[in-house]
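Quick one: structure below, then a few questions.
We call the chains A, B, C and D, going by the order they appear; numbering starts again at 1 in every chain.
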Amino acid sequence: MSELTLERGLAALRAEVDGPVAAFFSSCVHCGICATACPFYVETGDPKYTPILKVEPLRRVWSSEFTLWGRLMSTLGLTKKVTDEMLAEWEELVYDSCSMCGRCSLVCPVGNDIQAMVRKTREGMVASGHAPEGLIAASVRAVQTGSPMGLQWKTLQVQIEHVQSSTGLEVPVDKQGVDYLAMLSSMEVINFPEYLEAITKIFHRAGVTWTLSTECFEATNAGIQIGNKDVAALLVQRIVDAAVKLGVKTVISPECGHAFTAIRWEGPNLIGKPYPFEVVHIIELLDQLRASGRLKTEGKESDRLSMHDPCNLARKSGVIDQQRNLVNLVAENFVDLKEHGKFQWCCGAGGGVSSNERADAIKMAAFKRKKAQIEEVSPERMVTMCATCRTQLEEGLEEFNMDIPVVGLTEMIADHLVEK
Amino acid sequence: MSRLRGIPIQVDRHTDPVHERGNALPILHEVRHALERLIATGEGTQIDLNAIPFGPGDVDRLTAILGTGEVSATIQALGPTLIQETAIPGVWLVDYHNSEGERLAYHIEIATTPRILGAQPEDLATSIDALDARLQSGSGDQRQAS
Amino acid sequence: MNDPMDFLLWTKGPAFEWAVAIFAFGLLVRVLEIFIIGRRPNFAEPRAGEWGPGLRTVLTRSIADGGTFQRAPFNVVVGWIWHIGFLIALLLFIPHLELIKSLFGFAWPGLPNPIVDLVTAVTLVALVATLVHRLTHPVKKRISTFEDFLVWGITFLVVLTGYLAYHRLINPYPLALGLHILSAEIFLILLPFTKLTHIFTAVIARWYNGASFGRRGVAS
Amino acid sequence: MTQSNKTLGESLREHGISRRGFLKFCAATASMMALPPSLIPSIAAALEKARRPSVIWLSFQECTGCTESLTRSHSPTIEDLILDTISLDYHHTLQAASGDAAEAARTEAMKANHGQYLLIVDGSLPGPDSNPGYSTIAGHSNYDILMECVEGAAAVIAVGTCASFGGLPAADPNPTGAVSVMDLVKDKPVVNVSGCPPVPMVISGVLAHYLTFAQLPELDQYHRPKAFFGQSIHDRCYRRPFYDKGLFAETFDDAGARAGWCLYRLGCKGPSTYNACATMRWNSGTSWPIESGHPCLGCSEPRFWDAGGFYNPLSVPTTTSGGTLLAAGVTGAIVGGAVAALARKQVKAEEADRQPVTVDELEQKL
């Protein structure tokens, strides 16, 4: 039986080297500015969490095998090799203390996309057997059961029935020929069932034709989080198959950050071809509906609201103005965090950190950055649009005894729909 | 060789005051220090103008600033040495020439009297002998001297 | 090479030729290593083109965002000071412009020497400050390698010898000038094989960064 | 040319020269030696007791420019005095005797003043390993003559850049294998009075110094008298303020040139050249190259003939390496291209051969 080995890890790293990687490593001047962009470093002060250091395994492979100078040096035995011991040591740096939020990629003075290189480094970590147990388990469950949390369709079915009875509206399932296929995330289904009800109401009022798919409802992608193309491609393929089978024009990514990155940006490259449909985030869709006048709201929230941008949505996918348009539609006292949009700070839970129980302590340490940001503007409630972020915000605020409820933007919009 | 001086070499200069003085300025400060020393201790000073990297016209500017005083003298020994007191008492220009009129050295001397001007003690030693010799040799020389 | 003038002429002659040759060779290798590997095709439907955002980032990444400026003011300010100072001394000092003119056949107006001199002095102080920072700041201490100190050393040496030569603090002058030229040549030789490459590849890296974020609709 | 045992003081008094005349002589000597006037009394005391030395002057591969320069020294009276005071027992160009008589005079002077005489050399000479036929006198190689004369000399004064550093004859590719005096003379003090030609006052200044103090002046690392070569042209240049302000002439006829701005960009080697031109000047103190609007060629420095074009600024490399640059670039492109293509192939191969990670394999890690 085959197993994951160092050699397979190195091969995976080699396969990840490309022009940008070469340009990035050629350009790094070890200035350390990336550390000041990283919540894990900023809140712990431990220099081992410097982002560029996290991708050292990839750098060593590039340097010793993909540069003339490095080849000469390694012929003379003068280069540092990537070993199992090293990778074991780096596991914590690459997974526990990195949410791949991409803030470092935005501040690096020479333009290094460090986040992208962490993603690449994880390929090598997985192939060499150095991924965290929590993420391995999530990946195995996702592949075997269709959900990283082991959620079954029958559980969702119960929720669908509940939504239907409470709203009196139909939740379409496996409907051919509709415009949109809505995806969900397990965490949302379990922690924030309001979401399904909210989109059901909104789509009904806006006249959006949509459906769920019994073959694939899970939008999240454990393969992206753990950093393995094979698992990630397999999970994306399920969505593509479901969308193609139902003939939808557009797939809606739910209130989840990495799911959008997985489906919208990585998916086509994982399966090696463009999709025959479009992908939008629910927030993008809602803003489109707002702009076209199909989304009508009434009344406004009067308390002081602020917003947390999910990294994957804002910094990594350019969805920044949309959520502000929407929140201003229904709130009169909205105030942005000082650093927001593409310069927002990660909640600390993304990039698989929340699926990795071992990282609980540092996850909460990284949250302190968000906490400080929230304290600066002292809102009465926080709005966000990612189930992972929302869970982390709720847990974190509770941990620090801050009485600030967190709401999902979609539900908030649904609450203000004009009654027909 | 003195004909070379006839070649009209002229360099355009800026006309602002700093350029006007060129390298003359530091020398004037040196002269000032030397004067203070002369007053305080009586010690004289000689400045060799040939050792200063003057630009064209700098020396003329320097001497123009110093001006012309009451005393001028010429010593005839191995060619003429021209001595000119400047308008600053105690500051002298001592210009050594050879018998062909070419400059050997050019000093500013800060002293009550330039050293070379006074009778030299070494010569005084022979003065009486020289005078005696003339007294004995009759009236011819005396007539000349009168 | 047993006297300063021989040394100076060696640095201005054979050493210069070797340094330029190694530099040209190394830099071409390095740049080709980047471009020939290239990127895989990207099938995800882009929100925007790559060229515009890429070029935008090439320019904008020179300016730190407000938050980074607050959190790393030393890095930003001192980094700027010495980079600008180095560039002014390199590109606007008249003798350097004569060198550029002799190599490329054209040059541009320079700055008066006293200004370049002042800038150079500031650059030297800033460079010393960066070394102290590297030796004391925990992050820099953790990620610094021998190469970082080597590169710092040669950069400092280039500026220092230039400063000493201009002020004629090393005698005789041919030795001072020769040392300056030699350190500049070592700088050139090291450039393609160390992080000094960023002088050229940072533009490429920034472009890739800007293009990657730009196609996802983010002005990075 | 018999040697006098009288001191200079005695000899001057005999000529009826007054103390004032003597002081004037001393002032001129001090000026010539680039010594401050405050030293005039000690110079006077020393000169009073100085005795005339015997001098032998050898000319090898040279152009007689140095002798021309010396005889154009602009203080003939003083020069005469000094030349009167020294005993120039042998000089090709200046002596009346020729042939065997001349050579005999030399041998006689060497014998009579063994260990005492000054040897002055102008011109470089073919080294011991070169063909001696490039330069001979009376059938003897320059090398043999030099070595023969050095043996009994008190000191050697190399006059001119050729004698000091090899000069023009040694310029690349140095066909005659020319070497300098100090390359060959290791056991006697050597004073280099470099320059092409040297400033005339500097030649006589060194002689005056030897005459005055009966010893050689303090020397720099090139064996040049510090009094004259201690500071660079640049440091003493009256145009230096323009350099410091960054005001440069860019052509020989532009406004900057007419305004007397710095000549750096026109190739002035003043910054790297050590000589006394800026203070001593030329042609009876009339002017000097930079004052007349021409950049310094650096003629008093070793290898000035090979230091690149006279009109190239100091910062310009001596070799224009367009060809090398191109060759290196092409090599870099080929090697870099090959290495990078190999790397690209490797990435493709790794990607193709990559063994997919399976759930089973992942499960093993749980």
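Just so it is clear, contacts are C-beta pairs under 8 Å (C-beta built on N, C-alpha and C of every residue); 3 or more make two chains touch, one makes a residue touch a chain.
In this text, all values refer to a predicted model and were calculated from it rather than measured experimentally.
Asks: Look at all chain centres (mean of CA atoms) and spot the one farthest from the centre of subunit A.
Replies: Of all chains, B has its centre farthest from that of subunit A.
Asks: Point out which chain occupies the most central position, where each centre is the mean of Cα atoms.
Replies: Ranked by how close its C-alpha centre lies to the overall one, first comes C.
Asks: How many angstrom lie between the CA centroids of subunit A and subunit B, rounded to a whole number?
Replies: Roughly 93 Å, centre to centre.
Asks: Could you put a whole-Å number on the gap between the CA centroids of subunit B and subunit D?
Replies: The answer is 34 Å.
Asks: Centroid of subunit C to centroid of subunit D, CA atoms only: how many Å?
Replies: Result: the chain centres lie 39 Å from each other.
Asks: Report, in whole Å, the distance between the mean C-alpha point of subunit A and the mean C-alpha point of subunit D.
Replies: Centre separation, subunit A to subunit D: 76 Å.
Asks: Out of subunit D, which residues touch more than one other chain, so two or more?
Replies: Within subunit D, residues 335-336, 339, 343, 347 contact more than one other chain.
Asks: Counting only residues that touch at least two other chains, what does the list for subunit B look like?
Replies: none
Asks: Give me the residues of subunit A that touch two or more other chains.
Replies: As it turns out, subunit A has residues touching two or more other chains at 17-18, 66-68.
Asks: Drawing the touching chains as a network, do you get a line, a ring, a star, a complete graph or other?
Replies: other
Asks: Within the complex, which stretch of subunit C touches subunit A?
Replies: Per the stated touch rule, the residues are 26, 29-30, 33-45, 47, 57-58, 61-62, 64-65, 67-68, 71-72, 75-76, 79, 137-145, 148, 192-193, 195, 197-198, 201-202, 204-210, 212-213, 216-220.
Asks: Any idea which subunit A residues touch subunit D in the complex?
Replies: The contact residues of subunit A facing subunit D are 1-4, 8, 11-12, 14-15, 17-18, 65-68, 71, 126-127, 129, 131, 133, 136-137, 139-140, 143-144, 228, 230-231.
Asks: Going by the contact rule set out above, which residues of subunit A touch subunit C in the complex?
Replies: Touching subunit C from subunit A are residues 17-20, 22-24, 26-33, 35-37, 41-42, 45, 47-48, 50, 52-53, 66-69, 105-113, 116, 264-269, 272-275, 278, 315-320, 338-339, 342-343.
Asks: What does subunit C use to touch subunit D in their complex?
Replies: Per the touch definition, subunit C meets subunit D at residues 3-6, 8-9, 12-14, 16-17, 20-38, 94-96, 98-99, 102-103, 110-116, 168, 172-174, 177.
Asks: Where on subunit D does subunit A make contact in their complex?
Replies: Spelled out, the residues of subunit D in touch with subunit A are 335-336, 339, 343, 346-347, 350-351, 353-366.
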